């Protein structure tokens, strides 16, 4: 197992952090960028994944399984959220006949 | 009877009279109210005489302590009366002249529907006046001071349906109030430096005070005196005050209330003696007022207005006396003036009564045959005020002139000039009223006895009043001066030193000139009755005088109009444009902010997301670099 | 080995960008799947085998398919969906860029974190994760059932057609 | 712990009961179950169950919060009897979802582990996303639901990022461990970032500016009962969670400053915008934002008294809110579904007692003496001043004034005679609940000892 | 127990009125209640030992907040109790002529106010004070909202908010002070012993004072007042002007002077000048007011400016005089407003321009009006004079110019009062219709008030003795502090 450890150590932690930040920002930008709510949901998933990556990297760095367990829970929650989200989306499509985020502006003021 | 109770009864009886008459005013029919009122004052007079007789001048003032009025912290103001020479003099004048005027009023006000109210007020006035002169401290004096002002207001506006009378009443009250401003401040200052307002204590403590403080205090007190005694620049209310019934003019606006300022200064003579600057101010104010009022008097056509200006002028003389430090001379003139001016007013009232309300001398004339008693007494009064020996006015005025001469011949000359003008307009009044042909249309009739008897009594007093203070040159001992000297150290400190020959010369000069002026007046008014037209038609200088030097107009432009304007502006601009909009504006601004911020809630979710991200970025930067 | 990391990193970033920019939602889904797979690759590099597996199964296998399914269901697979205005899009990019820059700037000095435990390559193995999951994290595991239950109930409730169009 | 289990099971039971099709037993069952859970929570009854001290700790604070939240839920369910009478379908699901959400809330008050915080928040939120869309054919309801969901998920992403960063620094999710580690090495920028992100996400949950945008829209769009639930239980739980987080992981000063700015913004925006609302539910939403500002002040003061103040404030606020939403529903029915403030007009004529209680509740929200809201506000001021936030407190004073303004406007409507006096139909249970809220609001003011 | 009874008598009566809603007997019941209160206060006064602070009721309420339910009184409290108890029967009695709708509700609200006012004046705990202070607003709010005049909806809310602005600042200041105590307590005794740093006091002063500045109100915090006074029903104005503003005075004495003496020292001149400017300003404005009620509002504003200036003179004359004057002012406001009501009842208007010449028809009313008015212009031997006299002396000791400006207000007072009297009552009688003169009821109402005015003007000792002790004591502790 030793080579694995060294292999992990070869990539500095900062790079993982940076990568995670970049992915997170891409997701964030996408959420602002698009009108299609489904894409926005996907961007959110991307953000979750960037966090997962970060957690795993830290977990490996600390050699602590807790982080990975957390990632597992994140995935569960993400799955549940997606389920609910898509259900809401479907309901909304039925009512609004659109998944355009800009169409949702009856509640305001 | 105990002196304290006696002293308390003197103002107490008029008060009681006022209350009783006011309470029973609807059940009092006919003359009963008048009789009650006269009785109350008469008893007060009797008690005053008793006090006077029982008073030992050498023993100093007697203090009648009733109860503690204001007692808080270091301020102990007792409700107490002081009986001494000065207050006794004033008490006798007030109650004595007051009784006569009350009696007179029974006849004068006989037909008025509100005669009971009138007598109640008159009694109330006497009460207040007595408080003024009897108070053992400045606070009690001030109670009376304001009280007489109030009664004056009520009596001037007695015939309330006439708006002009109401205005005159209001003017009198407000001008008095302006004077009171000075009085109150003076008292506050005085209390602050001496810790007391009781006369005896104050006078003991003032010696150590600096001249600036004393000058300030006395000037403030003098402002009060100016208001009450109708001196420049606050005299314009007094002529207007003639709107009241004539007995009121006689009692309040001639004999008693207006002399309150003199009384105050005489009472405070200790202070004034220590403040020479103030004495000069008093002197010159009195001088200017005496002259200005006299000049105005020449062109007046209302019988009461002439008398009013003469009152103002005579008060000026009194102030001159006080300014010269001749307190007893001032008080002497107060006394004689009370006699002859009351007499003149009552006489004028009798004339007005006789003519059914006519007051314009241009519509009189030739009355000496129709109303003989009135004529006679009026003549005596006129002679007294003109200063013909041996009438009382001669002695009192001469005392003042002598004192003035002692100070400066110029002063003497000016005052003598004023006296001559006085003689001129008084005789103009007299001749136009009683001589020549009758120019009116009503049938004149003599007044009832209830009115003429007081006239006669006053006439006698006007004639013999000079005896009260007969000077040495006539073999007298100036009894009044010596009597008063016991009241306060200041009064005793007079310093007139004239040769007897100089005095004789001065008297001769003034008498001669007066006689000359009378002759002039006789020629001008007795035979042909030269009548002045309305003021507007006069040439400039007489018009200026007839229009009272345009002082009323000046005050109106300078104070009344701007005040009304200020009131409107404060309300419109201060409240309407600033205060209320400020308050509403704060609310409206908040609402506007709410309205604007509300727009942020667009309902658009992209915007929400964007705002969240923007917020996060900003706060992130703040967190990282904000500290 | 680290070259693999950079390779995967490049793939995930590029595919991530493609997710955002692709006009057709289906393309976005495909790109996202690629991205997730590359992240799974990272997991393997980090020796987190269990997570890599779950990543592939749950995300790419279940979640993304669900997305695809919904897109098809709602008939959104056209590439002509309306776009935001240019200004909004620039603003979005700027916001995201600033956010990223701030984060990077904050961590520029490097993240000096002492490892909490001695290096142990076996933490990511299924057995280790399982032990942690069922020992230390038993309660969350149980509690998450409530979460699933409610998500399930909710999805059913919302997805179910109304009985009558009353 | 037993209460937690009971509520979880209760949800399932309710779902099963829903299958039976008998609507009328749902609420009573739920209420009985909740009362039992409340009793368990209060007594700490825990027969042989495992304890997970690294995950959940039931201390005095959580016990009180839990009982309060359960009590408020019971009140809401009592109201639900009447509220759901007209609804044909999914009633059981509504009750169950609310119970599940409550479970999440219970976790939030007592967690000691970030994972539990995360799960708690999700369990709290996900049922709400669904409940907000409870009126399935309503456009507004769908919109509210979706907005809530999307923004909520967005916040969750930040939340996770924050947890990941904190974990990166401390290698643990346990708050106690984190606290120790941070004290050993303060000023770590990653930890600061992590704490910042978590705080932001929690600010979102409590509805702090500028992360509040969801709340007015969702409050308006969601069914009234759900709105009431969100404004009360959810807010309470979120604050309890927030407080625990900041309390147990010593907050960096830089973060405290930022949160103070957020507090000020929240106070300002919430109050000022509420002034301009004509819809009662939106008004309540903005006023809830405003109250968030006050509560944040208490949280930031970070003293030993903070939690009791938070508890007192949130509980009494919840009582007042529940009562008001019930009154709103009644008035709304009389006004044919209109939700504007004007519908309160003539309330005093129609039902004096109800108007009086409404006044009490509004006065409590406004913070006028002899109502609990006053005591609460006073405590917050004391905390803020004690923590040295003098200027913020002065600002809060002004904002409280603005707050009073819009509540008073509602009171004024209620006591202004209407041209046509509305006909209110008040069921006995609703009457009881509203009265209970009104009485409680005064009682808690008269005996503040009762709660803290 | 007596104090508890004092609070409970009006409170329970009000509650009973509200629940039973008798229409015909409501006023009688309310009147009875207020007279009972008056009797009780008289009893307290009778047994009072001068110079004492007496705290008979005290128990813990909420120790964590520093709140104790402690009631008690010293001379100043007693004075305030006395004036509240004395004025309220008249306020209730004014209702007999007003004939407002729903008399039981009106009277209940008034009685609630009275109860809370008693609470304010007996509270020995700052927090308790605050509670009563704010509560007293609530019944007034409804009184104004239901029975007010034009634009009542907007003005009522504005009044409420403006007053609460001060109230909340006070709460803040209170909270600040309480946090400085250990163990936490808001008892006045504890707060008065606080030693707050001088520079803190400088700003804390405004936190504590603002509420009272608005309540009184002094310039420039007065903008709510004229509208509110004018719009409010007569009885409401009586409550506001007669009693409620005295809470401000009392509050200054209880909160500001003892807790932030350095602050007072720092701001004293500012406050006095503001007050005097306000007094002059309002006095000038009052001159041209057309509406008699608004004129009374501005005149009250002017009087109150003087009151506040005297209070802040901070010596026994100024402060004592202000307290004495507050009593006089209460009597004055009630009687003055009654006259306003009586005139409106007869002429159907309160516009001065529309009146005039009423004295011919109603001479007795005119006489009563006049007697009331001489109190307003502070003529000697009326109550007002004693108060103003003391205040002038107090102000003089601070600064001669202050005294000068203050005395100038009495000139303005004379100007607008006499002008108003003249416009309303004097002049030619131009009323065609028959008009009742002041009758038995008017006499029953006004004569006692006027008698109080005159008697206490002639013999002010009973009230001054009440005030003297506490004020001197307070001042001596303050001097010791400096």
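Here the chain labels run A, B, C, D and E in written order, and each chain numbers its own residues starting at 1.
In this section, contacts are C-beta pairs under 8 Å (C-beta built on N, C-alpha and C of every residue); 3 or more make two chains touch, one makes a residue touch a chain.
In this text, all values refer to a predicted model and were calculated from it rather than measured experimentally.
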| said: Going by the touch criterion stated earlier, list every chain that contacts chain B and also contacts chain D. | reply: A, C, E
| query | Looking at the contacts, which chains touch chain B and chain C alike? | reply | A, D
| query | Can you name the chain that lies farthest from chain D, using the mean of each chain's Cα atoms as its centre? | reply | B
| request: Taking the mean of all protein CA atoms as the centre, name the chain whose own CA mean is closest to it. | output: E
| note | Heading the list of chain pairs by contact pairs is A-C
| request: Select the chain at the greatest separation from chain C, using centres from the mean of Cα atoms. | output: B
| Between chain B and chain E, what is the separation of their C-alpha centroids in Å? | 37
| So how far apart, in whole Å, are chain A and chain C when each is placed at the average of its C-alpha atoms? | 4
| note | Whole-angstrom distance, CA centroid of chain A to CA centroid of chain B, is 98
| request: Starting from the mean Cα coordinates of chain D and chain E, work out the distance between those two points in Å. | output: 43
| said: Among all residues of chain E, which ones touch two or more of the remaining chains? | reply: 161
| Shared-contact residues (touching 2 or more other chains) in chain C | 84, 88, 91-92, 95-96, 99, 103, 106-107, 111, 113, 115-117, 136-137, 140, 144, 147, 151, 154-155, 158
| Residue numbers in chain A touching 2 or more other chains? | 17, 24, 27-28, 31-32, 35, 41, 59, 61-62, 64, 66, 69, 73, 77, 80-81, 84, 87-89, 91, 101-102, 104, 106-109
| field | Pairs of chains found to touch, sorted by chain label | value | A-B, A-C, A-D, B-C, B-D, B-E, C-D, D-E
| task | Over in the complex, which chain B residues touch chain E? Could you list them? | result | 67-75, 79, 139, 142-143, 145-147, 150, 153, 157, 160-163, 166-167, 169-170, 173-174, 177-178, 180-181, 184-185, 188-189, 191-192, 563-564, 566-568, 570-571, 574-575, 579-580, 582-584, 587
| said: So in the complex, the part of chain D that touches chain C is made up of which residues? | reply: 8, 11-12, 15, 52, 54-56, 88-90, 93, 96-97, 100-101, 103-104, 107, 113, 115-116, 119, 122-123, 126-127, 129-130, 133, 136-137, 168-172, 189-190, 193
| remark: So, in the complex, the side of chain C touching chain B is made of residues 84, 88, 91-92, 95-96, 98-99, 102-103, 106
| said: Applying the document's contact rule, which stretches of chain D touch chain E when the two form their complex? | reply: 305, 308, 363, 368-370, 374-375, 377-379, 381-382, 385-386, 390, 393-394, 397-398, 400-401, 404-405, 408-409, 412, 415-416, 447-449, 452
| query | In the complex of these two chains, what residues of chain D are touching chain B? | reply | 146-147, 150-151, 154-155, 158, 189, 192-193, 196, 200, 204, 209-211, 213-214, 216-217, 253-255, 257-258, 261-262, 269, 272-277, 402, 405
